[in-house]
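Two complexes come next, and they have one chain in common, subunit A, joined by subunit B in the first and subunit C in the second.
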Partner chain A sequence: MATLRLDALSKTYPNGFTALHGVDLEIADGELIVVVGPSGCGKSTLLRMLAGLESISDGELAIDGRRVNDLEPAERDIAMVFQNYALYPHMSVADNMGYALKNRGVPKAERRRKVEETARLIGLEDLLDRRPKQLSGGQRQRVAMGRAIVREPKVFLFDEPLSNLDAKLRVQMRIEIRRLQKRLGVTSVYVTHDQVEAMTLADRLVVMNGGRIEQVGTPMHLYERPATRFVAGFIGSPAMNFLDARRSGDVLTLPCGTQLASPWPGEAGETRDTPVCLGIRPEHLAIVPEGQNGGGTLAVRVELVEPLGADTLVHARLDGQDDLVVARIDGIQPVAEGDSLILRPDTDRLHIFDPDSGQRLDDLEPACHTPTSPA
Partner chain B sequence: MATFQHHRITPWLLLSPQLAIVAMFFFWPAAQAMLQAFYVEDPFGLGRTFVAFENFARVLASAEYYRALGITVAFSAGVALGAMALALLLAVLADRVIKGATAYRTLLVWPYAVAPAVAGVLWGFMLDPELGLISAWLGALGIDWNHQLNGGQAMALVVMASIWKQMSYNFVFFLAGLQAIPRSLLEAAAIDGAGPWRRFWTITFPLLSPTSFFLLVMNSVYAFFETFGTIDATTAGGPGGATRTLVYKVFEDGFIGYDLGSSAAQSVLLMGLVGLLTLLQFRYLERKVQY
Partner chain C sequence: MRYRRRGLDIVSHGLLILALIAFCLPVWLAITAATHDQASLYTGTAPLWFGEQGLDNFRAVLTEPVSRLGTDASRLLFNSTVMALGIACGKIVIAILAAYAIVFFRFPLRRLCFWLIFITLMLPVEVRIMPTYKVAADLGLLNSYVGLILPLIASATATFLFRQFYLTVPPELLEAARVDGAGPWRFLKDILLPLSTTNIAALFVIMFLYGWNQYLWPLLITTEADHMTIVVSLKRLLSSADNLVPWQTVMATALLAMLPPVAVIVLMQRYFVKGLVDAEK
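Then we have the complex of A and B:
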């Protein structure tokens, strides 16, 4: 149970490579923060710095208001679940779980009691005498969780803990992690590159790119109001469609001539006809029935259809353009490759970004960095 | 099945060069030694008499043999444990080196390329009672070093030279073993509150046990057989038999004393002893190193 404060946390390696450029973040007690981003965005480095496995080049890290920059991992009172689980292969499950307690000098009887209690909590009570080699992937994952839980640390750190599991098990364990974290109420930082995991687990989501935080907020906030083009493209699957457009006043004009109502009229006195980047989520494109084309639509030719059962992904190319768009249409649609379609974007849910800086143009509130109370 | 039959002879043909070498340089001499062990032969090889187990009985009844056995046990234990402990220490240190790691590792492996006799001469020079650099330093410290007269010092010298020679071999294996331990295990242990010392003894060392076991077998065999050159070049079994190990005694009795029957019997016994030792190690230690 603890709060975490990251103040301009930076990491520069001896070879001059800067992995993190000043990360600011406040994490509330009991909150589950998911850090998500593409490979090399610095998310794992950030987590390792929190753990004390990487030194902090600049800035300050505080746990419960106490500066911990120079503390050894052992002194920070954190527990970490590794991607490969990092179970000690020569120890039984019980010894793996009790190792940290043993190091701390907890008497044998109490150690045993705590290990058994935790094992019951996560359904490992029958496996305590096994060696890691004798366990399945999911069971190993559980032991790694148990090893973290039994210590009752201030903070849990998760480094892509589910990426070595198969898809079905991953969904199960995801739900279980969420349940356990809520039940135990331990402040957690969870790093992943899987955005479904990120969306479903997070109290708040941190999207990182190139060693910087792009946006912090609840998953739904990030989905509905991405602060940058990068966040817009990263959150949501399939990814948001981006089209070049020009805006004058409250009218957006696409290269194909289609005009749409702009969600943001621009600042007063702004020069007319500025280039913008228009973002439309695949689920906010709908097929217009034939003969009902009333403007504000996109004429496309279908290139690929992916029926998923509950919905259908239609990949199509704008008529006369090179731009590809993806539409997510409810149900199974009688659409085939080569068909011509009319798609209508939901103009209430358009996103417009500055084409150069990638910043959201209709969002005047700054990217939110203050913690919201966890659910 | 026809194809299989057709190829029955090809594998043997392909193996034959290797088999010929093994047969000529191992099986034949070994068979000769076994045969010899049951005969008494005159020094010139002109005639021999079958004596059944008399050679063995004579060897096993001699106090000299048991003395050599005791010396061998002490020598082998010293060499195997010393060479492994030092190699492990060096491997742990080399594993942490980041700059110039390859250079360090190459230098540490070099002694292995030195012939045993050369290693012996080298150490013999350094510790020569009159000319040796190290013996001069020891003299300055008040230690009167003369391995030509002092049996204990002679033993220390051959143990040192043999350790130095074998350390490189052990180093290579320990280093590979250390590098095979996933970093995340040690990181997890660090987070679990284990300091460097504790991490080494509770995580690294147990995880190295398969390597250690393998090296224990190899080092025992090395100490029993391959140190002959080192001993011969430095102390020649002396002074007064203080460094006369079993393998050295085989040589002395056979090629200096010309008691070929006894020498052959001893080498058969030695082969049996090392076989037994290896068997025991596999039997009782290997079980403990599985995880």
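Then we have the complex of A and C:
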């Protein structure tokens, strides 16, 4: 149980490559922070720096207000769950879980008691004498969790812990991790590249790109108000559609001639026609029944239909354009490849970004949401 | 077998049996010769069956000073055992520590250190025998166990083998151990050593045989019977300028010299197999 403060944390490797460019973040006690981003965005480096496995080039890391930059991993009082579990192959489950306690000089009887207690918590009682080899992937994952829990650390660090599990088990373990973390109330940092995992687990999400934090916020805040085009494209599945458009006052004009009400009217008195990037989520496109075509719609030709059961994903090309859009519609719509459709975007849920910087152009902070990083 | 043909079976078994005879006959002759007295060995034909001496020759060799050696075979066996164990254990300990340093620690000139160790493969005792002898003599190591063991104790081969094995240990294991509060010694003792038991057993056998079979170095470094090894003594038993070679003594000593290596192989084989079976589970 602890707070974490990351102050301009940077990592530059000896070969001159900068993996992290000054990351600022405050993590509250008991919070589950999920760090998400594409490969090579620096999220794993960040986690390893928190763990003490990677040295900190610049900036400060504090756990509970105490600077820990130069402490060994064991002295930071953290526990880490590795992607491939990193269980000691020659030790039984009980020894694996109790190894950290043994190194701390906890007496054998107490060690045994704590290991058994933790094993009960995560359903490993019957496996304590097994070797890691004799366990399934899910069980190994549990042992790795148990090894972290039994030490009662200040902070849990998870490095893509579910990526080696099959899809069904992943969902199950995800729920279990969430439940355990809430129950134990241990501050946690969880790194993943799976945005569904990120959305469902996080108290707050940190989206990283190119060694920088793009945005920090609750999952729904990031979904509804992505601060940059990158976050907009990364959060949500299928990804947001981006279309080039021009904005003049509060009117957006698409290349096909369609006009939409802009969510952002621009600076007061500004009337100049400016290029913008319009973002529309697939789930905010609806099929307009034939004959009801008013204004503000997109005429498309269907190229591919992906029925998912509850929903159907329609990949379609704008008439007369090269732009592909994806719409997520109700599963029972009779849509076939080659059909012509009229799609209506939900104008209340449009996103507009600066086409050059990728920054969101309308207001960033609706009243109800938590602030982003304190920097 | 992929080909089940009767003719092939017969031929291959015939070859195997021939090879077996070729290997076993000398051993058999040694066993039978060791049970005869000297007179019956000089009748002109090699005896193919046991003589009437029974185990008396062995008893004599083990307990009474053997002529031309000045000591009994028990002493020789003990010397050889000390030397072989010292070399095998020393090589393994040094190789484990050297490989551990090279693989898991970052220090200046690490790569250079590894290659320096590696090129000593090209410098076996036979090549560096003069300077090594000079150093050993100057340090007063002649006729001592330290003198027998120390110059042979460093092993590039074993270091290399352990290095290759350590490189296959997942780095996460080290990281997990660091997070779990294991320092360098604990990591070595609790994680690496238990994982390398199979390698250690294999190397122990190889290095024990290497140490046991040393001839040239013990021959140079020992001048007194007290520190002579059994392998060296065999040659000395045979070198008789004026007398008849006491073949029954030679054979008994040779058989005694064979026993410890055989015992080591037979005993350690069980650990190999255990290690292999465990690994495949």
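Methods note: the second predicted complex is superposed on the first by the 360 of 375 C-alpha atoms of A that agree within 3 Å, B and C clash if a C-alpha of one lies under 4 Å from a C-alpha of the other, contacts with A are read in each partner's own complex, and residues count from 1 in each chain.
One rule holds in what follows: contacts are C-beta pairs under 8 Å (C-beta built on N, C-alpha and C of every residue); 3 or more make two chains touch, one makes a residue touch a chain.
Quick caveat, the model's predicted, so the values are computed rather than measured.
Aligning the shared subunit A places subunit B and subunit C in steric conflict.
By the touch criterion defined above, A:Ala51 lies against subunit B and subunit C together after alignment on the C-alpha atoms of chain A.
Once the two complexes are overlaid on the shared chain, A:Leu162 sits clear of subunit B and of subunit C alike.
Contacts of A:Asn103 after superposition: both subunit B and subunit C are touched. Of the two partner chains placed around the shared chain by superposition, neither subunit B nor subunit C is touched by A:Leu361.
Contact with both subunit B and subunit C is seen for A:Ile78 once the two complexes are overlaid on the shared chain. Legend: residue contacts after superposition of the two complexes on their common chain; A:Gln134 is shown touching subunit C, with no touch to subunit B.
Subunit A uses residues 51-53, 72-74, 78-80, 82-84, 86, 88-90, 99-100, 103-104, 131, 133, 147, 151 to touch subunit B in one structure and subunit C in the other. The residues of subunit C lying in touch with subunit A in their complex are 170, 172-173, 175-182, 186, 190-191, 194-195, 281. Against subunit A, the residues of subunit B that register as touching in their complex are 182, 184-185, 187-195, 198, 202-203, 206-207, 209, 291. Subunit A contributes residues 51-53, 72-74, 78-80, 82-84, 86-91, 99-100, 103-104, 131, 133-134, 147, 151 to its touches with subunit C in the complex.
Chain contact summary for the complex, subunit A toward subunit B: residues 51-53, 72-74, 78-80, 82-84, 86, 88-90, 99-100, 103-104, 131, 133, 147, 151.
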